[in-house]
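Naming follows writing order (A, B and C), and every chain is counted from residue 1.
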Amino acid sequence: MSLPLYYFLAITAVNILMSWALYVPYRMAHLHFLIVANMAISGYTAAYMVLSLHLPFGLALLAGFVLGAVIGFAVALFIGDAPTFAVVIVGFTFIYITRTVIENTEAVGGTMGLFGLPNIGGSPSVHRWTILAILYGLVALVGFLIHRFDHSQLGRAASAAFIDKDLTTSLGIDIKKMGILLQTFSCTLAGGCGVLYGFIYKSFHLDYFTFHVVGILMTVIFVGGYTTLWGTLLAAPVLYGVPLLFPPEVASWRIVIYGALLIIVLVLKPEGFITTRFVYGIESFLSRKRGKRTPLTKPQEDV
Amino acid sequence: MEVFIAQVINGISLGSIYVLLVTGFNLLLLVAMIIHFAYPQVVVFSMYIIWLVLEVTGNNLILGALAGVTSSILLNLISAPLFQKVMEKRGEVDINSTMVMSMGIGMIITDVLSHGFNKGHPIAFPDTLAGGEAILRVGLISILPGQVSAFVVGVIAVSGFFLLLYKTRPGRAFRAIAEDPNGARLVGIPLLKTGLQSYALSGLLGGLIALLLAALIGSASSGLGEQVALKVIAVSIIAGLGNLVGGLVVGLSLGILEAIVQGYISGTWSNAIAFVIMLLVILAKPTGLFGLKL
Amino acid sequence: MASNDQTRAHADSQQALLTIENLSVSYGHVNALKHANLQVFKGEIVVLIGANGAGKTTLLETALGINTPLSGAIRFKGKPIGGAAVDRNVRAGICLVPEGRGVFASMSVLDNLLLGAHNNMKNVGKHLQRVYEWFPILEKRQDQIARTLSGGERQMLAIGRALMSSPELIMVDEPSIGLAPIVVNDIFNILRMLNQEGYTILLSEQNANKALKCAHRGYVLETGTVTLSGTAAQLLDDPGVREAYLGA
């Protein structure tokens, strides 16, 4: 596999996973940017474990997940039922503080970053395939979990909380518990993503964990659509991939393009391109097709 | 002790700027009903415009000031129809969307500043803007003209703002909409027109802040907006979103706190400490110390 | 219908101040008003009777310009005003005293009154003086925060605020709701007095008995449609009205 393709596939998977991590708490209107800080904290910790303590990658990855979960849970205890803007600002301050701490900690390379992470399984090729396998395995698993969540009682409760927290509380739904659950889930995911992200490039640099990445994730879920997980799945590769095809002069303005796109979509299609209604339409279309034919035939071929 | 006094003086001038920023932010929140996350970024953009005009005109301060104020008002007025479109239904969901939209605006501004001006390098304002030598110097304590102007203009602008709010016809309409938009509509107050007035007013305030920041800090970088934005939003959350008097108290306190920390702890950490303190307060009371006015 | 003919005869002799013709309004899929017709002539007190959710508030708010009509026409002094902005209608001389004594609770009494004059600041001192003559209690409390007023005082403030816009037509939405009976009498007396001063009043009420006793004419609104109209005396005698709204 060529190196650019590997990077594209791997980064796309990370973007999908991270956008989902943002998507899940946003189901109840929590725009939880703590996940970006989680990525950095878990990633640097895992890198430190591998580089300085010579622990195996698997253990470091596990530690990344656990660290994300613990931090996410601890923070969620306070802001599980906080208003949206408070959740946003907590995430941002966390990112800022994490960056400052990392910048000033020599053990993790400070402003220089961490380099020279080992290949998993010895050779570069095995390393790439392992990373891709783990990432896309996670995409499948997390996608399945979120799909189940969206179609569960909890998912419906989250949608209600998105529109009106007070009303939802009066229906006997514990908003705080739900917030804690969703936030912890997304932080756990983000922790693992942080570790994997570092191992894609085999290095860590603080330049990634900035407000830029916040902007990209936000654009992905708002352009793709925040009411269903499919929008993200589609928007993440497109929004990351298309600017790669631009000439460098244009590509360097991609954050401006993202910002403009975000604003345009919010004005014209407030729920994003892929909405629950759209998905519902496709589902009923498919089931109608299936109703006419036996499920195993390929409907497209005989048209 | 001398360090302490010197830093309190620094803190008061810095705090005045925070107060102005929070006031502009809260005005938009209360009257136009938007969370303009990127309001401080608009201010930093105006700083860049001031710098550009100063470069082009050979440090013509009057033109620079005019350009700063105009650009900030214009930027606010241009974004107004976009915000109003998103804010159509005026529900909680829409307020959150305005916040996301504002972040989009912030992304654009920051990126334009980091490529479009001065090849992405931080900009430095001429010393004439800061007003030159210290007015008073006693040991470690010195008072710079920029600090005095930040404080004086801050006091004048804030009292002018409150006077406008409590003694004039537009101010009355602002307060009415802030309390009950539907009720205000029933009385015959034009929501859109009054909303636009608040955009223009916070733009004017933003231009003033840009000038003061240029005089006080003397430099700016593309990342400044994000950092200030964080502090301003944190201050307004701690004060209780939309709470004008709370914003006054907390904004000034943050300025002083930050300056004192800076006096005793090295640069990179002092900012982080301010953030840690803000974070702890928000975690403990996500709806603010003085109550939400929203 | 006899009463309808009578209204039409009346209309020929004199142009109506407010005419509502075939007005339909809907909120999403819910039809709040269906082909409602109504006329208010200068110098009248007209009462709109109906149960909760009959569309009384919708009708008043649509006349003010809050809702955009689905179809139908609204004319004020002969000029079509359907769908016009509220502030334009207020300037033209319509005003609404909202249900539930909607005053700005955190603002002072004086501020509340001045808000009523938002679109008409020319003779604000004179108007204020007039309102204070009618409601001396408001002058005594002018620097007090509206939250501290009693229910009746708040209703007076809401009416006073409406008067500040120097209106010709005052629409009052359910003034008696949540008020003690003795205060309700006061409010109706005030409305009658204002009418004698030359203000035209369109009133919506569930408390049909008292309202009809001070009104000239009335309309009965049922699920968005005008089902009955006539003089106040006719309606008071109507067996259907007696049963449904007068509890007799």
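Definition applied: a contact is a pair of C-beta atoms (placed from the backbone, for glycine too) under 8 Å apart; a residue touches a chain by one contact, two chains touch by 3 or more.
Computed from a predicted structure; not experimentally measured.
Asker: When every step has to jump to a touching chain, what is the lowest number of steps that links chain A to chain C?
Answerer: Shortest path length, in steps: 2.
Asker: Chain pair with the most contact pairs?
Answerer: Contact tally peaks for the chain pair A-B.
Asker: Whose C-alpha centre lies nearest the centre of all protein C-alpha atoms?
Answerer: So the chain nearest the centre of the shown protein is B.
Asker: As a test of understanding: of all chains, whose mean C-alpha position lies farthest from that of chain A?
Answerer: Chain centre farthest from chain A's centre: C.
Asker: So what's the Cα centroid distance for chain A and chain C, whole Å?
Answerer: Centre separation, chain A to chain C: 55 Å.
Asker: In whole angstrom, how far does the Cα centroid of chain A sit from the Cα centroid of chain B?
Answerer: 32
Asker: Roughly how far is chain B from chain C, going centre to centre by Cα mean, in whole Å?
Answerer: The separation of the two C-alpha centroids amounts to 44 Å.
Asker: Can you tell me which positions in chain C touch chain B when the two form their complex?
Answerer: Touch list, chain C to chain B: 61, 64, 66, 85-87, 89-91, 95-96, 98, 102-107, 111, 114-116, 118-119, 121, 161, 165.
Asker: Applying the document's contact rule, which stretches of chain A touch chain B when the two form their complex?
Answerer: Residue positions touching the partner: 29, 31, 75, 78-79, 82-90, 92-94, 96-97, 100-101, 103-104, 162-165, 211-212, 214-215, 218-219, 222, 252-253, 255-256, 258-260, 262-263, 266-267, 270.
Asker: Help me check something: in the complex, which residues belonging to chain B touch chain C?
Answerer: Listed in rising order, the residues of chain B that touch chain C are 169, 172-173, 175-176, 179-180, 183-190, 193.
Asker: Which residues, counting only chain B, touch chain A once they are in their complex?
Answerer: 35, 37, 82, 85-86, 91-93, 96-97, 99-101, 103-108, 110-112, 115, 226-227, 230, 233-234, 237, 241, 268-269, 271-272, 275-276, 278-279, 282-284, 286-287, 292
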